[in-house]
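Order of writing sets the chain letters: A, B and C. Residues in each chain are counted from 1.
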Amino acid sequence: MPIEITMPRLSDTMEVGTILHWHVNVGDEVSAGDLLADIETDKATMELQSFDDGRVAELVISEGNQVDVGTVIAMLAEDDEAIVEETPEKPKPSIPKVTESAHRVSPVARRLAEEYGVDLLSVQGSGPSGRIIKRDILQLIDTASETTAAAQTTKVVPAEVVPSTVPVTPVQQVLPLAPTSPWQQNRSEPLSNMRQIIASRLVESKQTIPHYQVTMTFDMDPLLEMRKTLNEQLSKSGVKLSVNDFLVRCCALSMETNPEFNASFGGDCIHYHGPVNVGIAIALPEERGGGLVVGTIRNADQKSLRTISQESAYLSNKARETGLSPEEMGDTTFTISNLGMFGVDNFTAIINPPNSAILAVGAAIEKPVVRGGELVVGNEMSATLSLDHRVIDGAMAALYLKTLKELIENPASLLV
Amino acid sequence: MVVSTSVDLLMADTDTTSTAQSNANGMTEPTHLLKQAEIPGKGVLLGWLRQMLLIREFEVRTMQAYQNRLIGGFCHIYIGQEAVAVGTIAAVNPDDPVVLAYRDHGHALARGMDPKNCMAEMFGRIGGCAKGKGGSMHMFDADHYLYGGHGIVSAQTPLGTGLAFATKYEDEVISGGKSSHVTLCYLGDGALNQGCFYEAMNLASLLDLPVIFVLENNRYSMGTAIERGTSMAHDLRLKSEAHDINHAIIDGKNVLSTYRDFKGIADWCREESRPYFVEAQTYRYKGHSMSDPRKYRTKEEENSEEANDCIATLEEFLVEEHDVTKDAFKQLTRQVKTQVRQAVEWAKKSPETPMEEMYKDVFTDCWGPYTGTSKPDMLEEGGLD
Amino acid sequence: MKVTTKERVIEFRDALREAMCEEMRNDERVFLLGEEVAQYNGAYKVSKGMLEEFGARRVIDTPISESGFSGMSIGAAMRGLRPIVEFMSWSFSLVAADPILNNAAKMLYMSGGQFGCPIVFRGNDGAGGQLASTHSWCVESLYANVPGIKMAIPYDAYDAKGLLKTAIQDDNPVFFLESERLLSTKCHVPTEEYTVPFGKALVRRSGEDCTIISFGRPLHFCLEAAEELAKEGIDCEVIDGRTIRPLDIDSMVESVKKTNACVVVDQSWSFASVGSEIASQIHAQCFDDLDNHVHRVHSDDVPTPYAYNLEQAYLPNTRKVCEAVRQATYNS
């Protein structure tokens, strides 16, 4: 069995080494102590000598290449030696942080307040910056016990040690302290699985993707007019097109003409996707734990408004009722998040990786607009693109919005 | 092949007017010759050869284990200098204290440490001589009166002085007899430039301590040639004479002359209860540590030094004087290869030092993970209150 | 074991000598070594007369060579002897940092338990009075950082003797920090042999309102401050920690749980100090018992000045302790 020659660790800090030169060729006989190669370490150029006798069976790593310490770089015929393995490091779990209340109370004052049922909100602190200190609580207890002392028949002693100078008082008798209802109290609840995923994915997105935003306002009158007509005509077949359905098609067609919107950042390259899969953000009801999912309308550029509408309705209902299957929510290349139905004017969204863009859509709002030099009443909608600057530059974003605007404001083209 | 006689031993008179003087060759001229020890017989010499072969094979496998990442940290190889450790340690008693610098595997083996424990120490395993808490530079072995390798350059020189102080105190003050031990304190030429070495020599001389400072002059402190780091490098005698300590140069590449000359010195120190400064001239074949590319010296110099190898020299002597055959050498080589392979295997199998060991030996009493206070059972009962 | 004999008042330096002499009589492995300890009778007369009693083999004058004689003594301790090494001042121990921190503190550990280091390093620590910065070191914070050593700081003659005897009997290296300013102070020290254990703090004054924790000489200011503050109605408890390693944090915590306020007085500099360590531990263990954060009094964060007025302003004093206690108890 041939013996493996591994990249040696030639200094205490060496992690990788480069083979500068092989002094032997395949087939050469070598004996222990013979020079095999020159290796460049983090500190110096070192000589690699053979520890054993044998014949060079293979030079696995060629000159000029850098490999990790421990990597097999050559094989010698005969003999065998064990190689140590490294244990991979475990990823560290991220720990969610708990926010603190801004109220200043010394720790012992807080403890005494708890013991005596004192509502800290009702206490005026006498310490620096209004800090409630031990003396404040003790004074309050003193006063309270004086006012109630006459009515007292029994006294309850708190379990904890109380300074002997303080008259002890049962918790329920202390004035002027009102009980706090549960909803007023601060509380923490563990994250659901969905919240954990949202937290980790969106933090990663926001922290690693260089976001920027571009906003445009659209004249919605033609589209709303057309939607009204179509819905009247199709009502018999049970079809009801939403503004969002139009937008899905508009966005998909715009992606066809602007292929960088159908692309992802790949570290050392940009991946351009074939199919145009538009994601739609779907908010989940509180009963189902809240949160949101992104449903996928595949090949949206090739689907009619009617098909898009049907798929969209199906995805929304399924998401809210039973949840989506992985096939129904993966592989998006662009996402639309629409809060228009809640009356939101405009907002910005966080990119849904590996997408390069997300469109945040506000409501179509009736407002005074200028059309052909005349002030008239019209419907306008604001939409904001969030973009990954590593893939899409500002001018490209503007071009995309221009394409989108042409489609939205001339919706007849959506029918062909 | 006969024993080198190029270096004569001298015993410098304590009267400075008659101390030895350098001649033109930098050699010392004898005033009083110390008694030269007799070269032992074949059996002992074969034992020395086996020790030197063992050290060399051990160091080769140490380098390999280091490169295979079984050994961490800093690691210093003794190859080339074997004759010094073997020849000097053979010249003292097994209960004479020995204290070392950080290039210490060879001495530990020559002193009798089992190669298994030595290798396991470097592997950081519980089977190591210090349970894996010291590593390559810190070989301790109480059973063999080995008071450690020490990683800080020259830190061992005051310690060696203290060991000699202790044996003298034990022999004279406690036992009421005559001082009967001698301490071997090894140092490299790099330690010549540390202040504490001169403090150690000064105290050893003032207090008449039986300690031998064995300078292993391999001509380089890390990558710095001795001439570049040490003034008066051509005549180190002055370093000790300034402290009224005798000096001798011995051939550290020939175990026969190392022993012959060193034995006389060791006996004199033991008898007189005085320190000595011995310069063993030698050469390390490998770098200072594992990460040293040795660009500060030429291949020619290395080759010429390796041509005069201590193991080959002893083998030649055994062939010529004792008719030992090459086959016998091969057999010895095979034996030590097997022994070292077993040591490596044993060390690999030795369990990792368990976590609880982390908290042991901080104090002689138990000591847990730091909590800011001592463990209750460390505290004595009673007291003032 | 409360020792009860009739009053015998002696000086701090005499108490130290008694401890060494008793231990040297009891154990011939014990010897004393240092600059001017023998013929000169000790720079501060601590070892006066010891050469006469024990002879030059056990009371040994060394040259001014801290690195050399510290290392030598550690070598001797590795063989099982029990050296007492006198530093004329702990300030001079800095040139011996390698042997005392690298060798004494770690020998047992690095040798896997084979070679211990039963040694005592002792001498004056802290400002002596207009000695300027190089000679006024408070090494406690610097050295307490190192695992493997024990550290004791006596405040009076009784503790000086009892703690030093414990130190000499201890099988581990002990840094024993005396104060030049305390050497002439006197108190009752019984004739009978006794020891004071390590890791057991002493309540030098009981009180309800604020715990003051200190070691060695600054305790004098703490006790003065406590009297001063009592007039203002602030009742202080003064704790003498006695040893820094091991640290009797339990006694300190117990006191703070009672008073809800704490001031630590430490004569070394504040940054990464014994004071900051104790404050941190009090915060951790008394978190819900504190009415204010732990306040600290240290020497100012500058090299020790020579000028009398500056040095006085630089060191901890009674006024600074009072001020810290008032702040910690919201009485300022």
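Methods note: a contact is a pair of C-beta atoms (placed from the backbone, for glycine too) under 8 Å apart; a residue touches a chain by one contact, two chains touch by 3 or more.
Since we're looking at a predicted model, the values are computed, not measured.
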Of the other chains, whose C-alpha centre is the longest way from the centre of chain C?
A
Please state which pair of chains has more C-beta contact pairs than any other pair.
B-C
Per the C-alpha means, the centres of chain A and chain C lie apart by a whole-Å value of 56
Could you state the distance in Å from the CA-based centre of chain B to that of chain C?
39
Nearest whole angstrom, what separates the Cα centre of chain A from the Cα centre of chain B?
61
Partner chain B, residues of chain C touching it in the complex:
1-3, 28-29, 31, 57-58, 60, 62-63, 65, 67-81, 98-99, 102-103, 107-116, 147-148, 150, 158-159, 162, 166, 171-172, 194-200, 202, 245-250, 277, 281
Per the contact definition, I'd like the list of chain A residues that touch chain C in the complex.
106-111, 126-127, 133-135, 163
Would you mind writing out the residues of chain B in touch with chain C in their complex?
97, 99, 128-134, 138, 140-142, 147-148, 150, 152, 155, 157-167, 169-170, 172-174, 195-196, 199-200, 202-203, 206-207, 360-365, 370, 372-374, 378-385
Quick one: which bits of chain A touch chain B in the complex? Just the residue numbers, please.
6, 8-12, 14, 32, 41, 43-47, 51, 69-70, 81-84
Can you tell me which positions in chain B touch chain A when the two form their complex?
60-61, 63-64, 66-70, 72-74, 289-293, 295, 348
